[in-house]
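Once you've had a glance at the structure underneath, I'll fire off some questions.
Labels A, B and C are assigned to the chains in the order they are written; within every chain, residues are numbered from 1.
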Amino acid sequence: MRVSPLTPETFADNARAALADATLTGALRRATDTFAERRAAAIGAVPDWQELRTRAAAIKAHTLARLDAYLEEFTANATKAGATVHWARDAAEACAIVRDLAQARGSKRLVKSKSMATEEIHLNAALAQDGREPVETDLGEWIIQLAGETPSHIIVPAIHKTKEQIGALFVDKLGIPPSSDPQLLAAEARTRLRAHFAAADLGISGVNFGVAETGTILVLENEGNARMTTTLPAVHVAVMGIEKVIPRFGDLETFLRLLPRSGTGQHLTTYQSMLTGPDPMGQGPRELHIVLLDNGRSRIVADELMRQTLACIRCGACLNACPVYQSIGGHAYGSVYPGPIGAILTPQLQGLHSAGTLPFASSLCGACKDVCPVKIDIPSLLLELRRRAVAGEQVPAAPSRGAAPTTSKPARRKPLEALGWRVWSWVTRSPARFRLATAFARLGQKLPFAMRLFGPMRAWQSSREAPKLAARPFRDRWRGDAR
Amino acid sequence: MTRSVALFATCLGDQLWPEVVEATVAVLERAGCRVTFDPAQTCCAQPAFNSGYHDEAKAVARAFVEVFERADAVVAPSGSCTAMVHRYPELFRDEPDWRARAEAVAHKAFELSAFLVRELGVVDLGARLSARVAWHDACHALRELGVHDEPRRLLRAVAGLELVELRTGESCCGFGGTFAVKFPELSTAMLDHKLSGLDDRVDVLSAVDSSCLMQMRGRLQRQGSRVRAMHLAEILASR
Amino acid sequence: MNARAAILGAVRDGLRGASVPPLPPPVEPPAPLAVAERIARFTAVQQKLGGVVEAVADRRAACARVGLLLAQKGAAVVAASDAPLLAGLGDYVPADVALLPPDAPRERLLQADIGVTGAQWGIAETGTLVLASADERHRLASLLPALHVVVLPVRALLGTLGEAFAALQRDGAPAARTITFVSGPSRTADIELTLVVGVHGPKALHVLLVRDDG
């Protein structure tokens, strides 16, 4: 499936298109089922799973409530260890920092390991303008880059593609003989990317956790590409959302127990790199640059209700558990962060004006909340965002100096819908009016033609038989029983 | 000891499926309760709340609190409506007086199966139904109220009934209130996935929520399926 | 205003008056497991991850075993770290094998078939090797070749992740600038979730547990 840049605004259309793609929906179902099973098996073997979640949620809640202090501590310690810490208010600033670093060092050959923050700021596109587009080195990300697409899953970016589609892509882009064997395709990737690693002069990674107490950053992965990216080039640039900081080195243990199990069902991912400053004596890069990215986060921090959104550790469990995501995948959300976490995070990063549909794109089943390793109450946050969308409020509520200006616009008003709910409320709060209105509905029901003029009824009946109002409601039958 | 129960019929029960509400009354009476019904009741306000219209929801929620705050226990044949009542304190978070009144009502609002098993300690209601029944965990009952074992225990006590689990487990039926009509294709895709978990020999699909049943029944009927959708209360009232 | 001041100012303003929930106290490391239990668990988990674990008596035996492995695998180029345990390795390397030290040119290291390193700790619970760069230059030898052979003293084998995090801190600072956890060979499941072992990093991991490293 060739994906043009979708936006959250067209979610309903995006979803419809995804549902019409049988290859996509089949691949998604298999993948999300597999992940859900693996996760369940992995956490089943951890007797204190709930205590771990509670602990992680408490660490995050504490850290976010004093984020300024922890960021300063992190910066001081990272600097002491020899890293250079940069601050970026928004995507443009972050991209400019990386571009300038590459320019100043004459770095031409850039490699990158998987990172959501760099996707969020569209770093590749920014660097491409300068002729320095990084080569993605995570297998899934590389596939996506070759295809000119965007990731559809936080953990498995190419989850939407079958091995046949990937085989055809490799034939087309790499000129290799046709194959749909994942072993052969991965071996091809190893060979091709090895050449890029050998020549790379600047490596870009994300950060899973930044430790305030030591200035350490942790990068977690399975393939070894992040180790290559953070070891081989002379310069390592790590892009880190400001919410990634945690207080103590020892806290990593808690999060390492939670994250891989929630994401892929592994006890640990194959590799964790804990980097404290540059490490040329230890065969590492000469320079380590950490770019601290705000891009709307400081505004979310200020919003007491929504703050917990920033506790997310990007494990992807909520995506795999979500019946909406399972049905349509990540592209339909039209944003870098798909699924339940995307439905709460994207409107806060982009504003309800452009992403106001996403909080409504949920049946509020709550499966996401059950699996979240840091106990984010996603359904309640969806409900709060719906309220703000309807009330025409801004999200996050408080404007701030670190803010990007685009989010200041409230959601578009829907006057007709609002009128409908006002009438509904006026009717429903009074038993007399409720009785009268339902009596009218009974009459209307006798004219099926009239019912079909009513949009929601038409939508319902597109796939389902409509229920019928009972000839006599319970309230009348109860009186009829003369009790 | 006879428990006095104020019945909340729910708007769907009252208007669309009065037989489910009557079955609820019959089951509660069989369990030894004295059931009252206040016709001043209408709806729990969930449709407006879930759509983001909190002021409109509050007006309806206040009416609900006024109707039920003097009751000993409020019982509804719905997990979703009960869970909504449990959310009232959050809805009134900025109005201390109403918040307190809402909390009092929330504390005594129960979903039917949870009330029977947890509050009354009743499992066997002497029901009889010869059928293979697949159970659907309604999301709000399951995840907000923790209702999982209660309906299964009640169903296992029904003579002649064979209880089976859906292969699609605890997944959502795709209803989600206005979600079902805002995103009808998506809602239907979720629904079809859910129903794909039914085995060929299932006679009845049951749940504690009329809204999920409305969604699933609507599809089963459209597809000409022989599977009947029945509310838990109807099964428990069968003789 | 510079970005740092702007962001910190925004966060500070936004959090003014916010209640701060307490930070949970550090986790107490669990009681250490018996040595036999540590070895058994480490071996079982490594095997599940696709690694091989073998016990050897002492450092001489370890070097001899590595020499034999190099011959068996038909290695041409071997990258070795500067682990003290491997000091005598040269005596056991077949004559036709090029043995590269850590400071060999990058292009040569990239050609190595096998990497031989030590590890500073092992973690039984997770089948993990902990590589800390302060005591050994093993970042490249452990990463670039298709086979990674690790010699690990039994006394460095810890029981749990908790013990490891306790051991990894020295006076509030991490034990090394680069600490790498390695749990099994490199893997991916990015194509239809089909497991492929050995994508960028080593395709195989061979651990020699050294009973007496004195």
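Here is the rule we go by: contacts are C-beta pairs under 8 Å (C-beta built on N, C-alpha and C of every residue); 3 or more make two chains touch, one makes a residue touch a chain.
This structure is a prediction, so every number in the text was calculated from the model and none was measured.
If the chains shown are joined wherever they touch, the resulting network is a simple chain of contacts running from one end to the other without closing. Ranked by distance of CA centroids from subunit B, the top chain is C. Summed over C-beta pairs in contact, the chain pair with the top total is A-C.
Distance from the subunit B centre to the subunit C centre is 54 Å, each centre being the mean of its Cα atoms. Remark: subunit A and subunit B have CA centroids separated by 32 Å (rounded to whole angstrom). For subunit C, residues touching at least two other chains: there are none.
Residues 12, 15-16, 19, 25, 29, 323-324, 326-328, 360-367, 369-370, 380, 383, 386-391, 418, 421-422, 424-426, 428-431, 434, 438, 441, 455-457, 459-460, 462-470, 472-475, 477-479, 483 of subunit A are the ones touching subunit B in the complex. Contacts from subunit A toward subunit C in the complex involve residues 27, 30-31, 34-35, 55, 58-59, 61-63, 65-68, 71-72, 75, 81, 86-89, 93, 137-140, 143, 156-159, 161-163, 166, 182-183, 185-186, 189-190, 193-194, 197-198, 213-214, 216, 222-225, 227-228, 231-232, 242, 247-250, 252-254, 256-257, 264, 267-279, 281-284, 292, 294, 298-299, 301-304, 398, 400-403. Residues 1-4, 6-15, 18-24, 26-27, 45, 49, 102, 106-107, 110, 125-126, 128, 133-134, 137, 139-140, 143, 161-162, 164-166, 168-169, 172-174, 176-194, 196, 198-202 of subunit C touch subunit A in their complex. Only residues 9, 11, 13-19, 21-22, 37, 39-43, 45, 47-57, 59-60, 62-63, 90, 139-140, 143-144, 170-172, 174-191, 193, 214-215, 217-219, 221-222 of subunit B touch subunit A when the two sit together in their complex.
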